[in-house]
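In the two complexes that follow, chain A is the common piece, with chain B as its partner first and chain C second.
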Partner chain A sequence: MTTAPGIQDTTAASLDALAADAATGALSSERGIVYLSAGHVVHAESALTPDLGTLLTRSGALAPDGWWEAVDHAGVQHRVARRLVDSGRLSAGALELCHLGALFDAAYFVLAHGGRPRRFRAGAAHWLGTVRPVPVATVVRESARRRELLHRIWPEPDIDTAPLARVPDAGATGLPVRRSRILDQVDGVRTATEIAAALGCRTYHTLVELRRLAAGGLVVPAAPGAPPAKAGSGRPAAAQVDPDTALLRRLRDALEAL
Partner chain B sequence: MANLETSLKECLSSIDGATAAALVDYTSGMALGTLGGSKNFNLEVAAAGNTDVVRSKLRTMEHLGLKEEIEDILITLNTQYHLIRLLKGRSGNGLFLYLVLESSRANLAMARHQLRRIEAELDV
Partner chain C sequence: MPGIDESLLETMRLPGTRGASVVDWISGLALGTVGEAPGGDMEATAAETAELARFAAESSALAPAGGAGTGTDKEQPVQDVIITNTDSYHLLRFVSTDFDSTVFLHLWLDRDEGNLALARIRLADIADRLVLG
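Moving on, here comes the complex of A and B:
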């Protein structure tokens, strides 16, 4: 089942090698799985990002019953995507857009943190079926571009994985609607992934807003063991973060960025 | 019920003067689909850059307290028009269609009308 030749030092290098071999199968890494068909990426999944079903049903593009009907009837044949479109529940364009959104969201996490590949299961296919294959090079390049974009907004990667807390007494008026909706979910306990899941929103898109909130001095990684604050209270426990440390860190980053 | 590819093809074939089209996610700046463009006109760079235009305008409107929605944004160059149309559909939240037109061959009113129709067919 496992083939060693596909496995390189990094997930990105493994994907490149598998693409060169026009491989079909599933490459798993610490943070998720990338499905390939004839050397192209057809799907990606990560525990850190909401899946396609969640995105489609939470956005209202599809009723949950419709999603599960397609999974029940076409999952075994790996034709769930086809069934969603053929049954008239979803237009091909809407499915492609949502699927690409989920694919690149998961791929970012699979590739972004220098994740190491675990194994490649040759021939494995996802039950969703093929929607719109993407070249491996495009996925790798886009993940790198996304990483740079986050870095430019705010260069502290802790925000992506740590439980997050609001900064006490930081003024949060005049925020764009989506950013303030995300700020309302920051409670000293939840991570970016959990906030994205609560809102039914792609995790990367949530990270963009969270890093902007961090750059604006409104959100910091929660101190370990700090008591959770109530969501939306705007006044987390004062012990949770030391504002001086946060300020110094922001100053240091701003100076380094010069 | 068109898919991404046919919608972009239709942009170029049915809109006079259109030379390039892209469908862009304006949070990540990623082009989910592109058609046209050339060595001298990198659509992915244009897509990423124009997300800043869209975000900036949305932010300005929020500052001004305008409760309206952007239908489209027009940028006129010496020989080109760049037309940005924000998609409003259910799953289209956060996307825009970006169209490059040769101004000598384009009919702006018609281009806007056609883009609206293509958006409806994409049914996002």
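Moving on, here comes the complex of A and C:
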């Protein structure tokens, strides 16, 4: 299944080559998978970002039962997205907005840090089905732009990956609602990815707020071995062991193996 | 049930529309575009208008009297940003969703042919139906 011609030095170069060939299949790299159909990006996923099911169900936009019904009935035919709309659970616009949010979020991490491609599975399709294909060039350009945006806000990338802690006694009044909700999740233990999963928010958008908080002197990478800054805030690394997410991932893996 | 493209095409039916887009105000990404953009560059326009939208969305001075922090952030406290210049209008309409999205509709209207009051009402309606169907 692995086709050597699709594999270049970087994931971005591989995607460019696959787009030029109008390829269909799944390109996996160290940080996730990008699905192509006729040379366009139709889906992307990464362990660092919440998937569509998590974004929809954790926010309450879709009841978990509704999500599972669509997965059960349409997963094998690769039409889960279509099923969500046809069954009236989600409008076409809402599905497109949420799916594009998840797609560009995952693609950012797949393409960031000069990610290297591992293999291309020609013909592989995602069980979600096609929602709104995006040109490869748009995804690659957007990922680069997002990197620059983070750098402009606060040029210290360790905020993106380290456990994060609040700066004691730093005044945090008058913050915008989103930033304040994210700051509430900073407990000396969780990373940006775990905070995003806990809130059902896209990880890149969480990084933007965390870098703004870092620039404002409110958040720093936690010192190794330091105790959680907020005792009683609870469940360290809840995102990693969340049963919903774990179940969704297992199901996805099983469907992909079909 | 309208998706992004159908919603954008609907904005083109409003009198005086030059162009429209759906933009993420945190990342600056244009999720969909139709018609023309000022200066011809949709992506640059999206990134610039996103900055403006973000300031409006996060401003406590521009929030309703109850403050921006009263409700959930699913309901945007700021609804529209309206810019008028010597030859055109720009309307930004925030889109409210239950899930995590930070998007607005941007409508660019010709000043002579467009009707700002009508366009504002119609754009709000298009934004609602984009999400609710």
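As a convention for this text, the second predicted complex is superposed on the first by the 230 of 258 C-alpha atoms of A that agree within 3 Å, B and C clash if a C-alpha of one lies under 4 Å from a C-alpha of the other, contacts with A are read in each partner's own complex, and residues count from 1 in each chain.
One rule holds for everything that comes next: a residue touches a chain if its C-beta (ideal position, glycine included) is under 8 Å from a C-beta of that chain, and two chains touch if they have at least 3 such contacts.
Quantities reported herein were computed from a predicted structural model and do not represent experimental measurements.
Q: With chain A superposed, do chain B and chain C clash or fit?
A: When both complexes are placed onto chain A, chain B and chain C end up clashing with one another.
Q: Please indicate which partner A:176 is in contact with in the superposed arrangement: first for chain B, second for chain C, both, or neither.
A: Both partners, chain B and chain C.
Q: Given the touch rule stated above, what does A:200 touch, chain B (first), chain C (second), both, or neither?
A: Second partner only, chain C.
Q: See if chain A has more residues touched by chain B or by chain C, and give me that chain.
A: After superposing on chain A, more of chain A is contacted by C.
Q: Taking the superposition on A as described, I'd like to know which of chain B and chain C A:142 touches: first, second, both or neither.
A: In the superposition, A:142 touches chain B and chain C alike.
Q: Using the superposition on chain A described above, determine whether A:121 touches chain B (first), chain C (second), both, or neither.
A: After superposing on A, A:121 lies clear of both chain B and chain C.
Q: What is the shared patch of chain A, the residues that chain B and chain C both contact?
A: 55-56, 59-61, 85, 91-94, 96-98, 100-101, 104, 132, 142, 145-146, 149, 174, 176-177, 204-205, 208
Q: Using the touch rule from the top, collect the residues of chain A that touch chain C in their complex.
A: Per the touch definition, chain A meets chain C at residues 55-56, 59-61, 85, 91-98, 100-101, 104, 132, 141-142, 145-146, 149, 174, 176-181, 199-202, 204-205, 208.
Q: Given the complex with chain B, which residues does chain A contribute to the contact?
A: My answer: residues 55-56, 59-61, 85, 91-94, 96-98, 100-101, 104, 132, 142, 145-146, 149, 174, 176-177, 204-205, 208.
Q: Which bits of chain C are touching chain A when the two form their complex?
A: The contact residues of chain C facing chain A are 1-4, 6-7, 22, 24, 26-29, 31, 43, 47, 57-58, 60, 68-69, 73-74, 95, 97-103, 129-133.
Q: Would you mind writing out the residues of chain B in touch with chain A in their complex?
A: My answer: residues 1-4, 7, 23, 25, 27-30, 32, 48, 58-59, 62-63, 89-95, 121-124.
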